[in-house]
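One structure is given below, represented as structure tokens, and several questions about it will come after.
A, B and C label the chains in the order they appear, each numbered from 1.
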Amino acid sequence: MSARQIGEVILNLEHISLAFGGVKALSDISFDVREHEIRAIIGPNGAGKSSMLNVINGVYRPQHGAITFRGRTRHDMNTHQAAAQGIARTFQNIALFRGMSVLDNIMTGRNLKMKHGFLLQALYWGPARREELAHRRKVEEVIDFLEIQHIRKTPVGRLPYGLQKRVELGRALAAEPSMLLLDEPMAGMNVEEKQDMCRFILDVNDQFGTTIVLIEHDMGVVMDLSDRVVVLDYGRKIADGTPDQVRNNREVVDAYLGVAH
Amino acid sequence: MQFFFEVLIGGLLSGVLYALVALGFVLIYKASGVFNFAQGAMVFFAALTFVGFQEVLPGWLGVEPGGAAVFWLALILACLAMVVLSIATERIVLRPLVNQPQITLFMATIGLAFFIEGLAQGIWGANVRGLELGIQDEPIAWMAERTGIFISSFDVFAAVVAGVLVAVLAVFFNRTRVGRALRAVADDHQAALSIGIPLQVIWRIVWAVAGFVALVAGLIWGARNGVQFALTFTALKALPVLILGGFESVPGAIVGGLIIGASEKLAEVYLGPMVGGGIDSWFPYFMALLFLLVRPEGLFGERHIDRV
Amino acid sequence: MLYREAGQFKTSYGADQQIFPIRQDRIAMAAILAFFFVGVPLLANQYWLQAILVPVLIFSLAALGLNILTGYAGQLSLGTAAFMAVGAFAAYNFELRLPWMPLPVSFVLAGVVAAAVGMLFGLPSLRIKGFYLAVATLAAQFFIVWVLTKFGWFSNYSSSGVITTQKMQILGYAFDTPVRQYLLVLTIVAVMAMLAKNLVRSSTGRAWMAVRDMDVAAEVIGIRLMHTKLLAFAVSSFYCGVAGALYAYAYLGTVEPEGFNLDMSFRVLFMIIIGGVGSILGSFLGAAFIVLAPIFLNVTAHGLFAGNIPAGLASNLELIVFGGLIIFFLIVEPHGLARLWQIAKEKLRLWPFPY
């Protein structure tokens, strides 16, 4: 890999437990994420991977546990705090704004950074106009980076699946996040699309130093991309370490191959 | 205290009528996820069709008006009309809109409501008519003597009809094949389709049943207040009933109806005079709103967890 | 001139972000404005101005308001007419109780009052969605009309809440002829439509659409649902409030709370469904359609039955036609007339070589 240096722990999750009614989604999970690293969360279906991401950026509130992000410890996050502190994410089932164009979708990624009030925006005058144009410039950089210039004005609903995934990544990147949560960024893609997506993820990590937490089912991808892997099964953590360590872990192999206990 | 009970019972009995309208909503919502705003229009259409047939049938058949034959024939014809209307609605309006957002379907049923109202009045004319079911709308004498509380025999009749209707529906849903299929559809459209339940047949049946419920509601409402356009507004009251009871619950519709009916009357009698009266126009909606803030899924509804 | 954008290269994001990026659109817009500001006052007679153009413009404004809330922010409202009533009665009371207040200020304040009331009734939207919210707005519809009827203060103690608006005068200039009233309404509506167009393509508008399309994703981006939804209610009700004030002052002159009933709310809803949900242009097309259709139906019915139409037929026909059209548009073209226009334009851009 390149010159990026893996830094201090920026996100630390301690004893997270989450339940819906009587159903336990996560029980007593702890792990950490270091700055600039690519951290993968893997596990069989229903292991609680997406719930984990939802806890990190405040969509779900865990009943127990503590989340420390950038030195501040909380019982739970809320979505606005998470976004304001530079956590962006993509979703397992694409969550684009279907009624809007690619450009507008990515522009919404910068909404939090746009400060002028709606009255000035209604006039589209002076500072509001300058602000809009400055952000448009930033968004065009993202569009260039992801090589989607040709579809900027297309409504996202008309795009093929692979491109929609890319636009969703663009929306997350537009926020210039310090941490990016990717929920199965390559699900349902063909080999070429996967290769493209891998390249984008590595480039983001490399060029912008963005810390990445990703969920992925393709083991090849996970082992190649990630620095460290945490493995969940039935809402519990069963392994945590480098790809090599995880690969040789007995419990992980059992969980995937389904050994009778 | 006696006065309080009279108001309460009067309210509960008008609540039965709300519940009858709400029942139609619940059936359709359960089976197809459509919030049928046109249920009120269907009630109006049903009542008007029945009265209309009663007026024209004697002329067609050459018999005296007011006979039992005319009554039953009009009832059967009105029932048929409701079934035809319901099936046509399912075929023409809902099937093309399958998989659209709920809000789109809701707006479509608003359009449907206008259409049905226009159609009903276009066919039968717009003047107010009386509807005679042959039930006395007078206080039950022995009840008044013993307890001093005045309850109309008509109200009791309405309550009994509602009770019977709910019982029949309960048996229909729980004991018959169609009913079981219907509950499966309500639970999960895709899964129901995949085990070979014919979705469209089920929907058609449900709409037809809702049309029948609308007819019953229309007859009772119409007999009480006359068959007039205002019937469609009363049906709007079913909305707060549903919020209270939960959109998918038959018992909820009944309990919600009773609560709304009773509280509306009590509020009008006890709170109304303080602010100039007429508060029953908005009171049920406020009750429903307050309730929503506490328990958004309704009394009998199930809480849904949003998955991301 | 052909409708082409070939040769119009955008050299800056500023040029690409203009309100009308294609030159032909700018020319067309200028031509339309010129026609309505100069041509119409010269050509139209009193009937057209008073009975058609003024109500179409006023309802366009109300539809615009509802479209901001329902079309852009995705919050269904069945209480539009009530918010218009708030605007009408607020303007009346400002003018009545503070006679020195300039009329435009009264109108703006009327909008502000409507916005405040709108936000109040928008509060439930923070917990409930879809047709649950429709019930909240129904509460607004019935409650507001009831308050305005029951409490005499609002109508200066006239019977059953009827108000007759004061003469319209701005800086000593009286708007007392149909042409002047038309121009006043046109100016207000044109300016507010322009502001709305700017707003919906700004970050505020994007936040609204984001909440409409997928609220969880919007939250994750950092959009605050409460703030966004309430702002939509406020801006929407402001537009409806001003529309209501104009309805009372420039159209009818005498109004009563019952006039702003549920039926009127539905009519405005129909305007945006037929015109185009989530389209500024659609608000105008829809309003024109809904105002003109009954007139057209009436004329046709008269023609068919040689002036002797069965009683009530026209009004029932109207119900059937409106109801049928709503269903038709929702099934066939959920984005309404505005979308049809857009498709026509896209075809025209490529004509005559579509491939």
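The working rule: contacts are C-beta pairs under 8 Å (C-beta built on N, C-alpha and C of every residue); 3 or more make two chains touch, one makes a residue touch a chain.
Computed from a prediction, not measured in an experiment: that's the story for all the values here.
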item: Per Cα centroids, the chain farthest from subunit B; value: A
item: Chain whose averaged C-alpha position falls nearest the assembly-wide average; value: C
item: Whole-Å separation of chain centres (CA-atom averages), subunit A against subunit B; value: 49
item: Length of the line joining the C-alpha centres of subunit B and subunit C, rounded to whole Å; value: 34
item: Centre-of-Cα separation between subunit C and subunit A, whole angstrom; value: 41
item: Shared-contact residues (touching 2 or more other chains) in subunit C; value: 216
item: Contacts with 2+ other chains: residues of subunit B; value: 308
item: Two or more partner chains touched - positions in subunit A; value: 59, 91, 95
item: In the complex, subunit A residues that touch subunit C; value: 57, 59, 79-80, 82-84, 88-89, 91, 95-100, 104, 107-112, 114, 118, 121-124, 128-129, 132-133, 135-137, 140, 171, 175
item: Parts of subunit C lying in touch with subunit B, wherever the complex brings them together; value: 74, 76, 124, 127-128, 130-132, 134-136, 138-139, 142-143, 145-146, 149-151, 216, 262, 266, 269-270, 273, 311-313, 316-327, 330-331, 334
item: Residue numbers on subunit C that touch subunit A, as the complex places them; value: 13-14, 16-17, 19, 195-196, 198-199, 202-204, 206-207, 209-210, 212-214, 216-224, 231, 235, 278
item: Residues of subunit B touching subunit C in the complex; value: 35, 92-93, 96-97, 100, 102-104, 106-108, 110-119, 121-122, 125-126, 233, 236, 239-240, 243, 275-279, 281-282, 285-286, 288-289, 292-293, 296, 306, 308
